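Each in structure tokens, the structures are laid out below.
Across the two complexes that follow, chain A remains constant while its partner is chain B and subsequently chain C.
Coming up: the complex of A and B.
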């Protein structure tokens, strides 16, 4: 099905791109990296902040290239951004992006509830609403004291048979203990649905 | 992972509509409780508030740790009023000040970190916009030795002074804290060294011989003119006008406020609550309730002659001296006439007139004649009529 494969590529690209901007937004909003490291860019009709620190940019790109490959093969169903306290090594916040593949190869039932084709403009609006929510979530999230004392990790939940490159290692789920969980909006493309929830310690 | 969903995940959409009404707290907010509070009605809040107030009334004198009850109350206020302590409804200011005043009398709280933190929160919440008022409160705490054994106090105080670019005084305060053995000493020492470094840096940038120039430029200006300009200008003026023999001395306040001198003064200074500090800045206005009719607002019409009884007096410094009042008589077709006499006094009301003597009697409150209408009043503006003297 050549048409589908094109749509799948486009959909995956949309998602990877969204990951890039949302990870950047979260890193900026939560003060993981100093604000000087970020510059404004226009995206989704919003002004977003994106890092111009080469090392960080390269790191995020390396992650996303691999995630893109997994998504394309339908091997990845969750991407998690963990904010980790450098001193104690415990996770203080966990931003979890759930990816649902509408056209799963192994389950034919899911194709029954497959939605009608979604206009890219609708997807864009949904993404915009979701990014706005990320920004607005600062109203209840705690201030991360001791700026510069945090780092982040990206976890990818993949299929057991997925090919994993050497620079990715196995990890535990890095849950936040006694967390509050908030569910954000989601967005859909023709092939995927992406949801986001944050768990944080209060 | 899936069991998290069962645990009750909060949907952000419930919070999003109220996001502007939620003040971010440093320690964050519980999303679950936030959603509950946003759904709650005012009456329910009042019930909880009343129960706290009742507990304060009945239990306060019996408690070992009254601060605890206050803190519980204030924590609840923080959650119940997500708009923040500054919002009108929360009444946070009142509760906080009551707590601060109540616990001030109790010696056990003098070096209680919780009590000091409360003071610091109070400053941050209500005096954030004024360095000087914040400083006053710190000085008050210092004099009353509240938190005198806690490094936190000296650190916060010096932070404020550093923000005010008073590194010298900040160093003095930190050093003082070290002398008094405030704990933890190590943290205080490293803070002291850090500030000392800042102090050194700030003085290096100004070479000594240029110091005066910088100081002058930092002086306040009056109507965009520097103090020295004004000084010079007034000197010039005096030189020009030869008549003045004595130069008016201009006093200059050389003595700037120095913290190090004043901080030890009057230890028993009373602390003024925010409401009384700002009393001059507020007009006492009755609260307008929505949907209530205020009635007609009195309108002042400019018609009719202004009578002396109605006009409001404007008091000048030259007491009792009014400027001369002229009557301008306009006749159509002719040049208007200026009469050096306040004719309005003579014709206080239409169809009535007074003579000068009558006015004198009136002003002395001895005029008792039932007024007779004069027929010729229209012809002669000033006419003598009978006066009764007592």
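Coming up: the complex of A and C.
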């Protein structure tokens, strides 16, 4: 393993960090929250937008803390950001972050892929490419009419036996009906592989 | 014509038909008479046509039947042949199986005989071994007795040695004591001797002193006694010395005896250890005796003795070999038994097949009989048709006679009659041909049956010859099939295992369900909660208002509480909206300020002036080279005031603003002058330092 490769803890941290920035980016790009709620930050050698709305920040932070714990335990394998029409209650867009655990206690059901040790710089480049793809996806994604009439929800796909805190509850999958699916790039760490796909109402 | 009642439906109908027609035909010439020839001819024509038609139909039916019977015959023949073949095969198999079974049984009996002979040989060997064991036992008992006697001797010797040792030790002690006593006496004597020497010397000195010895008789007597005493003492000393020497010798002897006793002691210890070993050996002997007893008991049970004096090693080897052979033979026997069982099963199966084939054969024979019956019926029909033909001919002859006598103009009809006659002849010929053919076919059938039987007998013979090869071939095939089936079984078992594993995995996967979780306090839930609350409040309000409308009799104007609640909720929502809007405006302001600051910074850094917008439409302009001084531009009064204290301020103002109207240029020159001023001040400071 090279010196710059990431340990499991580091890997999960990288992933949760990526989740934070990608969720912020999507919320900004799709206009779920007004642009003035976001401020520019430098990350992954990119200028990204991050919310400074305390309520939203707290919400994302709470999610990511728990997701980080689940990821460390290998209990979470998917994080989904749903964009929902407030009036209709329909899911119009569904951003699904698939997490594959390379090494886990229950290796039988996990991925059999045995990755080579990945340099942190490579991971960073992959993340950068993915975030660029997210930004670029706004060109083909349908415009969300009635801006401000949408809200979002984050769903975590966990193991059935994962420890669930009281502030978390079960939910339906909130699938998009008659959806068009676009698969994005992925990035890998030593312990995980994160892929992204967006399904949207065509 | 014999009318035998067959099972065929064809038997009765033609007869009836012919009988009816016969009666009719016989009656018709009587009824017609000579007066009405035309009618009779027409009737005959009709009859001829009908007969022709019947003939045709009969021919067709006959052809069809013939074809069907041929087909049935062929199929039955094929079936019969195949069944006979199979039966033959089965019979051959069973024969061969019986033969192999008998052979195997013979082999088994031979093997059993061999086993018995080997067992007898084995028993003989065992007897020889038992004899040897007895001899060895006797030798062992003798040696044990010898050993016991030697042991007793040795123990006695040891005991005597011990006693001698003890006596010698006691003697040694006595001698030592005596030695000590004698040495002490010797010491005393030496002391007394010395004393006497001293006395002698004293006496000598007294003698010398006296010079003149005036010895009295008393003194002489004393001296003589003294001399005697000395002599006695000398003797005694000598005796003592001798005794001492003797004692020393005795001591030496006793020491030697002590050494020997120690040696005997060690010997005794060794012997005792040997004795212990002997005890162990005794135990072993006892065990051997037990074994020997067992062997004896076995021997007695066998009751067969033999005086063969082979070497025990050879016997053991032979015995082991026979044991191995026995094992092999038992294995073979079990295998043979299995094969016999299998063959029995096969035989049973073949018997079943044979029974089935016999049934088939019976069926075939019965079908053959039926066919023969059919054939017979067809013959009968043929004969009937012959009879019909004869009758028709007679009728025709009658008609011809009538016609020739009556009418010549009806030659055409005659021609037709002739034609009919030829037709009937043809029919007759055909029926003859058919009967011949039938006969020929029957003969052929019989011949073919005979040939088949011959072939079958030949086949049987050849099968008898080739039975072994056939059976072996079949066995090989069955073995190959068995191997293939085993492989398939293994394959399917493996597949089954894999599938089971997969199903287990799938079950475990199914069991390991995924949970989809969301934070209870999420934006969507909050939004939905607000909406739901709003809806319930509005519903309540609606309900209350409706009730109020219904009870509108009361004059008092009241509003339901639910209206208040909904309104207050709406108010709260509005407040929240306001809060959000405020938040948004604050953020926008912040953004604006940030941006304006950025702008001011940019302007300051690029143009060298910092602008400060004041409330009364005035703009303060600070130069970066003199931040404490400023220019004030009044946009309302259109004035420009400064506290920069430039020496050529008025000139610059006049030139750039009044004359040329270029404020930026004016500011640029001011900036330049201020920079020069600052530089010169710095230089002055440096020079002063």
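One rule holds for everything that comes next: the second predicted complex is superposed on the first by the 190 of 202 C-alpha atoms of A that agree within 3 Å, B and C clash if a C-alpha of one lies under 4 Å from a C-alpha of the other, contacts with A are read in each partner's own complex, and residues count from 1 in each chain.
As a convention for this text, a contact is a pair of C-beta atoms (placed from the backbone, for glycine too) under 8 Å apart; a residue touches a chain by one contact, two chains touch by 3 or more.
Everything quoted here is computed from the prediction, not taken from an experiment.
Visitor: With both structures lined up on chain A, is it a clash or a fit for chain B and chain C?
Guide: In the arrangement built by aligning on chain A, the partners chain C and chain B fit side by side.
Visitor: Quick check for you: in the superposed arrangement, does A:183 touch first (chain B), second (chain C), both or neither?
Guide: First partner only, chain B.
Visitor: First (chain B), second (chain C), both or neither: which does A:173 touch?
Guide: both
Visitor: In the superposed arrangement, which partner chain does A:28 touch: chain B (first), chain C (second), both, or neither?
Guide: neither
Visitor: Of chain B and chain C, which one touches more residues of chain A?
Guide: Of chain B and chain C, more residues of chain A lie in contact with C.
Visitor: Check the residue A:202 against both partner chains and state whether it touches chain B (first), chain C (second), both, or neither.
Guide: Touch status of A:202: first partner only.
Visitor: Who does A:164 touch here: chain B (first), chain C (second), both, or neither?
Guide: In the superposition, A:164 touches chain C alone.
Visitor: Let me test your reading of the model: by the given contact rule, A:59 touches which partner, first (chain B), second (chain C), both or neither?
Guide: second
Visitor: Identify the partner contact of A:156: answer first if only chain B is touched, second if only chain C is, both if each is, neither if none is.
Guide: So A:156 only meets chain C here.
Visitor: If you stack the two complexes on chain A, which partner ends up touching A:19: first (chain B), second (chain C), both, or neither?
Guide: A:19 contacts neither chain B nor chain C.
Visitor: Quick check: superposed on A, how many Å separate the nearest Cα atoms of chain B and chain C?
Guide: Nearest C-alpha pair, chain B versus chain C: 11 Å apart.
Visitor: Mind sorting out which residues of chain A both chain B and chain C touch, each in its own complex?
Guide: Common to the two interfaces on chain A: residues 78, 173.
Visitor: What part of chain A is in contact with chain B in the complex they form?
Guide: Contact set of chain A toward chain B: 78, 133, 136-143, 145, 173, 180-185, 197, 199-202.
Visitor: Chain A touches which residues of chain B in the complex?
Guide: Going through chain B, the ones touching chain A are 1, 4, 7-13, 15-16, 19, 22-32, 34.
Visitor: Inside the complex, what are the residues of chain A that reach chain C?
Guide: Contact set of chain A toward chain C: 34, 36-37, 56, 59, 62-63, 77-78, 82, 84, 86, 89, 108-109, 151-162, 164, 167-173.
Visitor: Give the list of chain C residues in touch with chain A in this complex.
Guide: 505, 508-509, 512-525, 527-528, 584, 587-588, 591
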